[in-house]
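A, B, C and D label the chains in the order they appear, each numbered from 1.
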């Protein structure tokens, strides 16, 4: 943590130093022009930033310690591989997940599953609990949808993934699904993150629509710290000013995450662009962005 | 819904018209230059947009029906007033809510409550369940925090508000609090919205950090449609590129919400700016932005 | 143009229709629920939107005509190729442009140029007029920089590109450079766009840091409409809330531009990410995003 | 400047320290966990950040020196007042500027000027050179527009302001206008900033649509450093994801600018919202945001 003070009085500096000492934090002072910079070493949780930012004479507090630990590349140098049946995330293969937005009926899912399997997909997706912007939209078949998904997965031999949206149904969903999905809107639903951490099923953690890379990795940290190390990250587009595309697919995070973290990352070009025309090119681009980083 | 087709073939137009007819939607065609515009009247849920956008020849689909109904100004012309004990939201008075971020102890809360009451606050806030970016941060005193909050509220005569973060604890929180807060990160936690809709306590619905006005009103719609009409909206800053402030307080939504909806709206200048220096001026600006719209 | 009126009176509708007639615009009315939708066919410039949006009873005006014409794919179906000496943009090859941020000296540029040529670059870049955020930063060698750039280009056989920043120096820069660059900050410097339109040198038009795709293509339209068809677009990252990267490289625009326009598009992964680690992966991703669209 | 190194080797640290020494920059090392933090005191221009960020072992470089000097509150403690005829910016009064978007004819401007003067406006605005998104839109009456503006200003006794868009016409515009406006799109047209710095007319500097507060103050610094201290800042909305309003009016910058700088700041609620309904409330909010900061 760096505390920047602008033309502070000696008493203001003393008060900051005293508060740091009181909290057991070691600090060094540097003076430069009218500014005094206090560099704090060791553990400095983000909450402290606000505490010190409020003190007289303090201009700005910059938190510099990496807040994620278990999810960081420093913690584990080699790439983590997450295995769902015989599909591996974080290895050389490119495991394509496909399927309908929502499970609507056995026939619909069966037909789709057969088609996507033939096209090369390695995992089947389909929503049973749908987080819809409108309460008047179809909210999913719920348990019936889970049963259909499970059945079609077994019939086609594809592992299945579906979204969890409520702490109360995590266990139920985990009984039917091979992998649990945390959707973008729930990326910081911490109660839900803690709950999936206690289930022995791999988790696909989608990036929130306006989540920074740091917030995203902190959400992964919740799951790992809670006991579940099988986390796969999924970039699915962020919200920007551009309206031609539904979201702005932020492919730079592919090499960035691989630098900062050992967790595998995949990309969702459908939600990420919202335009069928762009899905093909952006899927290829996603592979290219990560290709050189894949562990051989 | 408006479907824009770019230099379509007759067969492409016929397919779109047939699909509309099949779904019972009435439509009119307009031709202009190489474009064919199909205007669809009546109920056209947003899901349809994606369906038609995928069809050959379709360039873009624009959804124009207002998706919120119960929350809209058309549905109710007069301002809704939400009453929490003797504090009224949506009337002439300006009810200030104040209190610490988290309930830490009885002494801390008692002292703060006394101070904010003397300063004019009409409601006491304090977190018992804290949605923290980091799993290593203090997560709140939970039920003990609720008990302290309840006790201090009764002693000072201030109604109390606290955040709910999990469907499983909504009932518990409602036993202790006079008003329930849905935080920005849970604005689209639809399971939670449905749960607070069934509780007979007023709800303060904070705007998500990247939520559009429409998404925000749709979240309110979830609560109202579920049976709870006592919803107060709270602008608390949106995420932008600017880093000097923690968030960008979007005060334009005060008159905008008052135009689009009958629900009361308040502003959180603390989270909205993240700088103590800016809280005073922005609180005044918030009042000024809404002043002329208040029902006399 | 679509004019949406919310529960309008007959007189309000009449006034809108009269104003449209007065401006020679043909319009159709559609009623649906409480709304009246007026669809306007033919030419409807964007200025009109504001005009009608102000009228009583009007809720919203949506402009639906594609505002760019000469830059659009409808205007020219085949890909435009821009040739700079023996380097072709918009063909199968991938022409890499490389070089230092600023021309600092003959030795510096000569050394860099030799190195990038050996590494496969097909064009040399180097700034002589530098648009700097701070007036205290080095502003470029100006004409001396142009002379060095020109000389080194001739010696190495690489065509050269440099930025123009002022209408008064366009002609001078065009005497030394093989291609002119319009930087992100000047993408909507319309006086400059008009000036480069009159020069017989190809133009590289960088996307503004918060420019929509439409605004970007409109900037290209200025140059083409002014008489210069040799325009190459360059995506260089947009401004978002993410701070790990300097900008958010928006690769989706590669296939999107190829769909909307006939102009060639290239990508700048250095400015687009601001991190040397990400340049390699994102360069590959850029190629992959455009690969399937290249004209064979 | 703070250089953060992540688990660096001794040789990597030595190379960074050597490069700093070579550039005459004093630096201190702090070690904490696996990280080495190098704090650099004294003058450290932003260009250096990129230089060091590229070095092996360096994770991130944070620039902490305030880059604006002449525009900063440290440089001048008291509020600057800018006087245009008998209208003062930065004093107690609230000088309202009003007028049409573009000067279209003598009659149009004369009529508008009379109306806005009666309504209390203190300055007349009107565009003669219009920066239009489309080359097919009306580009302004140019010199004829300036003449009309000048004449109507003299007749009504209102000082006049108009936009400059080209370095070549700054002198011409300055002959007719009492105040020069730099529009949002040209906020970082540095050639233009340098040119208006040499004219003895006050300048209204609009914030770029995605400009940070720092970039905005740096643009002001260009004008002051060039010799013209009469700079008034104008917030006019930033670009965000919200589409209900044309821009997001960022009123927090009013108290923020008053804290960071001695320059006067005004607000443009028309462009800032793009909705006539919101102009009144946001104008009041703007005054309230700045009220307590005005020098008495």
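What we mean here is this: contacts are C-beta pairs under 8 Å (C-beta built on N, C-alpha and C of every residue); 3 or more make two chains touch, one makes a residue touch a chain.
Values in this document were obtained by computation on a predicted structure and should not be read as measured data.
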{"item": "Equivalent interface to C-D, taken from B-D, A-B or A-D so that over half of the residue contact pairs match", "value": "A-B"}
{"item": "Higher-contact pair (C-beta pairs counted), B-C versus A-C", "value": "A-C"}
{"item": "Averaged-CA centre spacing for the pair chain C and chain A, given as whole angstrom", "value": "33"}
{"item": "Interchain centroid distance [CA atoms averaged], chain A/chain B, Å", "value": "24"}
{"item": "Euclidean distance of C-alpha centroids - chain B vs chain C, Å", "value": "37"}
{"item": "Where chain B touches two or more other chains at once, by residue number", "value": "210, 239-241, 243, 275"}
{"item": "Interface residues, chain A side, partner chain C - complex", "value": "210, 212-214, 238, 240-245, 248-252, 254-256, 259, 272-273, 275, 277-278, 280-282, 284-293"}
{"item": "Chain B to chain C touching residues, read off their complex", "value": "2, 4, 6-7, 28, 30-35, 37, 39, 41-42, 60, 62, 64-65, 74, 210, 239-241, 243"}
{"item": "Residues of chain D defined as touching chain C within the complex", "value": "45-47, 50, 53-54, 67, 131-138, 165-168, 185-186, 188-191, 194, 209-210, 215, 218, 221-222, 225-226, 239, 274-276"}
